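As written, the chains take the letters A, B, C, D and E, and residue 1 is the first residue of each chain.
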């Protein structure tokens, strides 16, 4: 389904997007090598759905999120929002896009200007886009705070007076202030404690329903992604390796990496502790100038010669289930 | 009650505070638990609940100012560590209790080759020196499955990946040949696949070497994988200690129960169970039971009276700090309390 | 008791010399050393300040421009070569040559040239009749021709070969110069055999060194140090402070008015300044630039009394209306120059002169002094009269062609030039006395004060400082 | 060691600035001393009846406590080499010293911050050129150049300020740049971009105010530094000239009389030391209090 | 990047720095100053002045002067000093080494005192001793060095007579100036050592080391010391450069020490441009070299840094 047609149907479409960061090299000498942070990724996100992006640290999840929001310059490829390429927007459109697509940070607190009060932080998008001022602004901010489950009185507090979970809620309030349609949530719960995490996840889900939001939910915690997302995209060192609806992924793991990733997650059941299958050896390779071939090949238990030479392309192996692997693999292990 | 003789480590009424100019933080408050030889006790709790401070207190590594161990006793193999003069504590550290820290990235000295760092532990605790110690250090590297250990011996920490560094940490702790090994969230900053490797390694080592481990974590999945028994910490206090199976089936403290519920819901996709309210402020703890403002079962007594540490199993295997533990007859519990 | 080594002396100078080529610089830190290494044809008699023959043995005026001298025989340079007439002629001609551009060229360029007559006779020809020639010869060090020609200009800064009582030993940059007695000296053998000159710029440091016994003689100490000094050596000297009035016709200065010039002289209590600021180690001027012992001193002039009322009267009469008066000075060059400036300014202010003091750096100050278009109303300067002859101050301060003067009076110019060429001593004296009286009536400056030489030394040092300030080691000794 | 955010943050609410200040006794004392000193310096005529420039040659080098002439108060700190009241001179001289220290730092801060922010913000060639300039400048013997400048242009307060400003901007430039770089990549700026705040607005509203606190610290400490520098140059004769006066000048002029009149040297030295010390303590305090993560420069 | 290449790069930069600064000073002095008056006595005549102007070549167009200067400077020939009338290089070599040595002594004193003090303070941080040491190091930073010099000279040389007041000659002559100069770097260093040590002792690796039984003293010695070296070395290098670049002048003047700072002061006062130019050149070169050495030392102490 990842084709030209789906661009029109989907809310966000990513096509062959690439982002290379230059490393080394000074200002005079040319950069010597590049971090292939995101390397030729294509996928679609449909209105009202949630795409969970999963992968190990440094695989390019954050970069993906930033690209989709046009917070970074791309190296190549296109990203469509409602069928239009966001990198071809004019100034006006770009500004409008900012009201439609938003970002939730991992650590919202650090994204606040800590000298400002919460009211100002939450209201800033409204002010910037001239949506409201004066009393109306205050009312809207109060409403937003209530929406995310905070007391409106907090408006006059400074963010550092809040607990971690509340700060994150303020971040969410700021993000939804302009009634966006699309939100990229970059590990919004990984800095939170178990007891607060649940509240946050519920909030995200509720907001999705009430505001008809579309999420790109970035996380390395597959358990959470499974709970929240309708689709899952699994990334490995800048590449998209598997992409399908959530139940489909859990039922048919077509990429050996997905299998390894899912089986590596500890099972929250002491009775099952000894029936774990083989774990993945080795370490995540560096994304700096990766060698040709499948990037997972060095750790893959199925790897053959071809895998080290050719780069497997994403293909639809099952209906709506895309995978980038030469082997005809399907996961066997039992995933609780 | 299990006889004390079996307990290799026994902690009684340990309290540690940080005296800041803003006020006192009771990071660890009247914590008691014990470890039997060869078992793995998981210390579980949210961030800031005092796990690390409790572990550091065992080794008397709390730095004054601002930290201070206020009371309690730590009995290792019959010897109360708090009776030993502080300047002699270095003899206990390593050989008696060794520790693996949470952050592999910063827990190794960046300017010393890793081999030397392990060797130092060997020299200090195994009485070896020179070539012998070096050989032993390389052996330890091999033990934690570091490829080509002779070469890696000369690497600086920054030349290793996070997973490798954590293995080095483990090797270092193990080369102390400790009676008790404390692992403070050894996989917190690692990726799942690497975490799995480390956990697998620790399981294997445990089977081989048979050490006693105090395993600190905030991930109940890891608890399920690793622990024999679990101690749950909340706001500086241990609120529940029990067998790992019991924890996942029949938790008695409302907090534990709440967390368990939301974890289960994650799997099934239901709406998550919420523990309302905010994590406690250690500087201004609620009166009575510290959990009462967030507790669904809170009663008048909870607000005023500090709950005792009760044995609800009757065999000393399930201890709870709650006036009204779940799944236990109230009156029975009441009776126990008195 | 007494010191163990009576033959060695350490002298603290105020700074480091720049070169040992004594003919080039006008350097107060070099002279004390080179005066002991080089001889001159004439020296000043200690008491009378009259020139007396030294390397020259006799003089004979051939005509009003040509002087013939006999050279002392048997004199040897430190390198063993004998002193010849060639050396003398070479030395004189070198010192006056434009190529060398000696810093004291203006003191010797009255000489046209020198020439040899026979093996021990030579002649010096002056450009005009020159009554001061013999005094000029006290400035010219006699060098060895062969030695000087054998070295490059750069090398000459670091070597010395004279006929004097002491030989150069070493010069440690920034630290000291050592000289030792010349065994082959033609004159009397000195009591002190070795001398070390240390360069100590800080006055306090020099005093400390003296107190600590590290040095035996510290030159030019502060009057305040006298009580902390084991032994004080003092004598009058030839440095005179003067504050120049701007009388340049093109300039717009209030001091073109004679009454105001007089008023200013009345307004300042130089006796108090000499007493309080210099603790008595200074001599107020007697209403003239000259002083006792100078050729041309006028003993009949009495000093301006300190009389503020009179000053105010004069100012009123002159119609002074509080116009701003710019007082330029510098500090750090001469003894207490900055303090003296402030003291003078504060007296003038008290009398009602609206003085604005401006202290400049040495280079700016020079610029202002020499550039007549920039001349301030008053400027503090110093005149050193090392010939003890009134020609020096008058031609420097009054003569309109002088770079330092700030007046243009053809009558005075003519009188000064006439006196300069008068070979008859009595006539000259009369001419200068006359000029001094005129300048008392019509002052060209605030005649301020002369400072005395003041040195501190070890208690057992025997020495009488000379009025010509020369530090001849040969005159020093240690007592038991 | 461990995260203490939650605790510290909630606690912060209750602890006011004043209370925190009170907790750092050294800084509090420093502040009080400095305020007293500044009051005395800027209201000098209230504290002393003497004129700075009225000399009394008969009362030269009088020791502290000597009765003043004709109805004037005692010379509590004695008199100087021209018989002027040392206490009065210290008060009036302080004005020049503080003026130099402050002005030089202000000039340096303005130049440095503008250049530094431009470098950090524009990056690329701008950054390279500015930073090379800073590098070159840091390798330059700035003190030597400053002395040369004073000598050529003539000593005096104005020229001294110009000369010292030559040396004062690089530190600010470096700091402003690094702060701007940190800020440029911070989530705060990204968050601003994400909601559509324009870049200039982000710079002025969010970045600039947030980099202020480390710069304020530097400012205070640099002021202290340049008060010392003024003393150093005035001591060597390259600084303020009479009839103006400054602490450095008093020391430079009076140092000859250390043995006869130690007070001329001791008191100005102490006053400089105390002022600089106070400023340093306050600077340290500002750093600790407002910017706990800042690394010492 | 290889070490060799790095050094080459730094040397190229050094040349750039020296070039820029030399030209700057050249232009500055020629445009504004007039040295001729200074070089001649007050009584010198106008002709004498003109003659000297010509002899010094100051009458030629600026560009030509600059060109000549650059040409000869390329061969390290800055011309004869106008006041000392010998090659400027020679003069520099008379004064520079001794100052370099003096400041080295001062730095050695500073290091020897500051390291133990800073470490003790860090070890016992918060204690009375710590506070005392902190104040002490602050005093070292705050008091004007020449003032300290005057005081020390007054007490130790004049009152007690233990040490010579001024000059050079024996090692004793170095003691007072070196101690005086050492105050400021000592204060700086003690502060940074204390600060960094405190940081290091709170680092995770320090806890690890303690947990394996390393004694506190060994932790300081074997583990932490190496890690604070980079910042300490930066500080030492910096202070050394500053002192040599003229900061020590006041102290050298007080002690009548014939050093480079003293020379700088005199040179500037006498507007001896060739010598000044040579001084600027050498200071800039030394600063660059010291920075290079500091950079190279970094690599020795911090394995993460490679060139």
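In this section, contacts are C-beta pairs under 8 Å (C-beta built on N, C-alpha and C of every residue); 3 or more make two chains touch, one makes a residue touch a chain.
As the structure is a computational prediction, the values presented were derived from the model and not from experiment.
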item: Set of chains adjacent to chain A and to chain E; value: B, D
item: Of C-E and B-E, pair with higher C-beta contact tally; value: C-E
item: Whole-Å gap between the CA centroids of chain D and chain E; value: 22
item: Approximate Å spacing (C-alpha centroids) for the pair chain A, chain C; value: 90
item: Rounded Å distance between chain B and chain D, as computed from the means of their C-alpha atoms; value: 51
item: Contacts with two or more other chains, residues of chain B listed in rising order; value: 47, 279
item: Shared-contact residues (touching 2 or more other chains) in chain D; value: 6, 10, 12, 151-152, 237, 255, 258-259
item: Multi-chain contact residues (two or more partners), chain A; value: 163-164
item: Contacting residues of chain D [partner chain A, same complex]; value: 5-6, 9-10, 12-13, 124-125, 127-128, 186-188, 190-191, 193-197, 201, 205-206, 209-210
item: Parts of chain E lying in touch with chain D, wherever the complex brings them together; value: 13-14, 16-17, 20-21, 24-25, 28-29, 32-33, 135, 138-139, 141-147, 150-151, 154, 158, 191-192, 195, 202, 204, 207, 231, 242, 245-247, 249-250, 253-254, 264-265, 268-269, 271, 276, 279-280, 283-284, 287-288, 291
item: List of chain C residues in touch with chain D within their complex; value: 202-204, 207-208, 222, 224-225, 227-228, 272-273, 275-277, 331-332, 338-339, 341-343, 345-346, 357, 359-361, 363-364
item: Residue ranges of chain C in contact with chain E within the complex; value: 16, 18-19, 21, 24, 26, 98, 101, 103-107, 153-154, 157-158, 172-176, 198-202, 204-206, 208-209, 211-212, 214, 361-363, 366-367, 369-370, 381-382, 396, 403-404
item: Touch list for chain B against partner chain E, complex; value: 56, 59, 61, 63, 65, 90-95, 97-99, 101-103, 106-113, 120-121, 124-125, 156, 158, 169, 172-173, 176
